[in-house]
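You will see chain A twice below: alongside chain B first, and alongside chain C after that.
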Partner chain A sequence: MNENNVTFGFFDEDAKKEIRRAMLKAVALPGYIVPFASREMPIARGWGTGGLQITLSIITEEDTLKVIDQGCDGSVNAVNIRDFILQVTGADETTATPEATIIQTRHRVPEHPLIENQTLVYQVPYPEVLTTVEPDTARQKQMHANVDYAKLWVLLYEDTSQFGDSRISARYPVEVNGHFVMDPSPIPKYDIPRLSNNPALQLFGAGREKRIYAIPPYTEVAPLKFSDRDFAVEDFGGKRCQRCGASDVYLDEVHLDTGVSYFCSDTYYCDTQMETKDAAGTS
Partner chain B sequence: MLLELHNISKIFGTGCPECLVLTGDDAERAICPRCHSVIAVNNVSLSLGGDEILGVVGESGSGKSTLLQIIYQDITATAGEIYFNGITERSGARTNILSLSPSRTSWIRNHEMSMIYQNPHLGLNFNFSAGGNIAEKILGSGEKRYATIRQQALHYFGKIEMPTSRIDDYPDTFSGGQQQRIQIAKALSSSPRLLLLDEPTTGLDVSVQARILDLTRALQYEMGFAMIVVSHDLGVINHLTDLTLVMKNGSLVEYGLTDQILEDPQHPYTQLLVSSKL
Partner chain C sequence: MSYVAIKGGNEAIRASKRFFHKQIQSADNIEDSDIIDGLRFACDRIMAEGALYTEKLAAKAMKLCGGDLLEAAFYIRAHRSTCQRIGSTQPVAGEELHLLRRISSAFKDIKGGQILGPSCDYVIRLFTNPAGEESIDDQFIKEGTNDNLHIESALQSLRQDDRIVTLANREAAPFDVTRAFPLPPYPRSSVMQIMARGETGSLLAFAYTSMRGFGDVHPTIGDLRLGMAEMRFTHPFTGNTVTIGAIRVTACETVGSFAPDPKDGKLRLAVGFGFCFGFNETKAIAMSILDLAMNHRGYSVGGQAIAANPEMIVHHVDAIESMGFTNHFKLPHYVTFQADLHVFNAARQNDERK
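Showing the complex of A and B:
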């Protein structure tokens, strides 16, 4: 119990144990979807409760937490989730990617490369990648077990034959460790190559759907693509961030009165670019 | 032999030790009087060569379709063994394909056999385009190059005499006969060694029936696969098959050359069947 009269990490020990067991299984079977008893939370399901339950189950007082929503540390959701976690754990907060030990994210992988001993926790709306082609959950499990992903490939085939390439922009299906195909949560295609061989542990939590899955550090992750077709990420056509001038990052399109502007989606990365620029300018 | 069935039985229900003895051709019933289980297939053995075409005839409920579904492993047999040429254990000894792991079973279904169903909704995925349905089978057999898949899909689409401009249309925009032909293209696109047809032309008008049967025969002659055709239409059997198997109450009552069986039926049920046709 802390001064707020809440147990450390909001949950009782049994709840945390159950979630940790699901995570252990998920790490042991990269890309495999593990069901868990998703708890009632002080925020509504579908607002990051899956990621929140994972974070609360792994966090300690020594941890430093960063929470982002589409790359932004300052959005209402990110701020509220961060404040809540800090209140019930007393952990430290940061916006600096390299300083964080746990990063909870909604729909982005931070631009700054992650390192060992960092944990990236994704908030996932739809964990089952096969739902679009096979609504029957029993059949989905069989298809995963048999590595039978022909139906997903057919979607890829149909898009390629009619539009020249896949139409999927976010939630692009990926094959993990040469076996399970999984939904990487709605991150843009730009982030997909950075899932592979990442030194950080990547955990995925879907609170509403009651599922947890994981990509352990240094695991091979490959987007589904035909062997004679290249995987293409978003192309911003040479556009630059209006604030820091970066061009090799994922950009947000912002419609202002003055027209369309582009800004870094990762606010911490944008800030560091500004600082380097300022330092170069003053010296 | 490409395919060998040894004492295949399928019991729906609890089953008892006397099920198989108390039912079948001699007993003239398919429901066990002891345990009231339905004996859909009763002790059927047969073998099929690599380019033979076998017809299976019999009345409704005689177990023809169940037999086909057991071979394709849509359902599991209660007893018996099936051997398929080339499917062996690591030692090289031939292995019963009914006892394989699920992944090997789906490998056989993707590479070695194909099924054409009476109802196109069972054989085709109506959420995928015609080309997508054909691509699904090609992808299942392991091909991951788009250009090859597209070219194969167009090839088989052309083979069934469809204009290739319609390849990206969805199955519900095609007629019943065309849907049946798309099923044939899908089934053949993995170059299977055995094609299973479950009442392929039932419910189609006569001219379309003839066209599909001619097409099937031409493709079989060209590609050289074995076929098992289930039908209650002796015309279809006569037109398509070399060998015929007659089933009644789950058991095999007569087996031989198609001409022989149609000209000189031995079993009373076959005699009835042939005489009612003529």
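Showing the complex of A and C:
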């Protein structure tokens, strides 16, 4: 119990145990979506309750937590979630990617490379990659069991023939460990190659849809693509962050009175670039 | 040049929360007991959709969110996640309810009689004072329920005559949707639980599709009852059965069409069941219609039966989930929208090259 009269990590011990079991199964079967009961959280469904349940089930007093939304630590939802987790655990907080042991994220993979013993927890709205082509849960399960992704390939083919490429922008389907195809959560295509062989453990939680899945460290992850087509990530045409000058990152396009500007989506990365620049400028 | 990333998030959120509380702070002057008594149907909805029977917290939740019932149910659900499960109460049978109201539209007169009890069904919805009610003798109005009033279902005689389908029970114990989420084929008990926790309006809308075009359930209410259900619990130390209280509940049995019973090919009537915390007749009736539609699909002659598809019901009637997800669209989506624009621009360039 803490000052709010809530157990450590908010929910009861049985709930945490159940979630940890689901995570163990998920890690054992990379890319396979494991159902779990999914408790209701004091934040709304669709606002990160899946990621939150994972974080609360793995966090200890010794952990250092970073929470981002759209790459930004200061985004309203990230602030809300971080405040809540700190309140019910007393863990330390940080915005520095390398200092964090657990990073909960929505829509981005941090720019700074992750290392072993770090855990990246994704908030997931649609865990089932087949939903767009097959809404029936029973048939989806069968298709995964048979590694039958024909309908996804047809979708990819139809898009490519009509539009020159897939129309999927975020949530691009990926094949994990040469077997299950999974939804990587709504991260941009820019982040997709960074899922593969990542030293960090990547856990995915969908609260509303009650599913947990995982990419264990150093696991091959490949976007679904035809062998004669390149996987094209977002191209910013050499644009630079107006604040730190970075050009090799995912940028936010911002429409101001002065016209269109670009900034790093990852605010921590932007800050570190600024520090490096300042240090270079003063020396 | 200003840096636009929203880093003042903390302060802005606190101010917004404070603004919200200030707007509805006069709710603090309302006594909980006034809400529990005077707005009991609101409390009943909050408790049923919040899936926890607690009048006190329901009243408190309503005040905290200015009367938004979905939000209030959300408070209850979140609180529920912090409560340790101690055990299960013993099953309750409909005949055991201490009745306050029991009607059947299937028969003119029934064993035990039509008991109207308190109902707004017969109220003319005008803001002016209703005439004539003062002359009614209060002898018919008693607080609470008659403890000796236990009445069997109005469909009991049809059951005894073997004229009602009895669904095969393939479950050793009821599924618990709060401890595991079911996979298809969905056990009936799991679907019933999801509906009992479901949002009244969502259940109503799905049931309505079956009534008016996308299905063929034209139900007759066999037995609708409101009453107090005693909760009996096996004492963890003494092992004795103890009554730990009584809760308001609504139960409804609805009669549908007839067809050959898969069991033996005999013609029998299909019956659906609805049940929820609190007094909420609309919800119990809607739930019984959905139960009927899902479990007697062979009886349907309609086209697309939305309400007969468990995939439709299981995933779409929970208020906490549908409301939360609908509102999440207010969260920033600029990274994904940026990615959308890139794909759109590339497709447009591809189109222009053609």
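The criterion applied here is as follows: the second predicted complex is superposed on the first by the 283 of 283 C-alpha atoms of A that agree within 3 Å, B and C clash if a C-alpha of one lies under 4 Å from a C-alpha of the other, contacts with A are read in each partner's own complex, and residues count from 1 in each chain.
By definition in this document, a contact is a pair of C-beta atoms (placed from the backbone, for glycine too) under 8 Å apart; a residue touches a chain by one contact, two chains touch by 3 or more.
Everything quoted here is computed from the prediction, not taken from an experiment.
Asks: So in the superposed three-chain picture, is A:Ile115 touching just chain B, just chain C, both, or none of them (first/second/both/neither)?
Replies: neither
Asks: Which partner does A:Asp228 contact after superposing on A: first (chain B), second (chain C), both, neither?
Replies: first
Asks: Of the two partner chains, chain B (first) and chain C (second), which one does A:Glu253 touch, if any: first, second, both, or neither?
Replies: The answer is second: A:Glu253 touches chain C but not chain B.
Asks: What's your read, chain B or chain C touching more residues of chain A?
Replies: Answer, by number of touched residues of chain A: C.
Asks: Which partner does A:Ala37 reach: the first (chain B), the second (chain C), both, or neither?
Replies: Touch partner of A:Ala37: chain C, not chain B.
Asks: Return first, second, both or neither, reflecting whether A:Ala138 touches chain B, chain C, both chains, or no partner chain.
Replies: It touches chain C, and chain B stays clear.
Asks: According to the stated criteria, A:Glu158 is in contact with first (chain B), second (chain C), both, or neither; which is it?
Replies: The first partner, chain B, only.
Asks: Go through the superposed model and pick first if A:Val147 touches only chain B, second if only chain C, both, or neither.
Replies: A:Val147 contacts chain B only, not chain C.
Asks: Using the touch rule from the top, collect the residues of chain A that touch chain B in their complex.
Replies: 133, 142, 145-148, 150-151, 153-154, 157-158, 160-162, 226-229
Asks: Quick check: in the complex, which residue numbers of chain C touch chain A?
Replies: Answer in residue numbers: 1-10, 12-13, 74-75, 77-78, 80-85, 177-181, 183-185, 311, 315, 320-328, 331-336, 338-343, 346-347, 350-351.
Asks: Using the touch rule from the top, collect the residues of chain A that touch chain C in their complex.
Replies: By the definition above, chain A touches chain C via 6-7, 10-15, 18, 35-42, 44-47, 49, 69-80, 83, 106-108, 125, 135-138, 141, 163-170, 186-190, 208, 210, 232, 234-235, 242-243, 250-254, 256, 258, 261, 263, 265, 267, 270.
Asks: Help me check something: in the complex, which residues belonging to chain B touch chain A?
Replies: Going by the criterion above, the answer is residues 102-103, 106, 110, 125, 127-129, 131-133, 135-137, 139-140, 144-150, 167-168.
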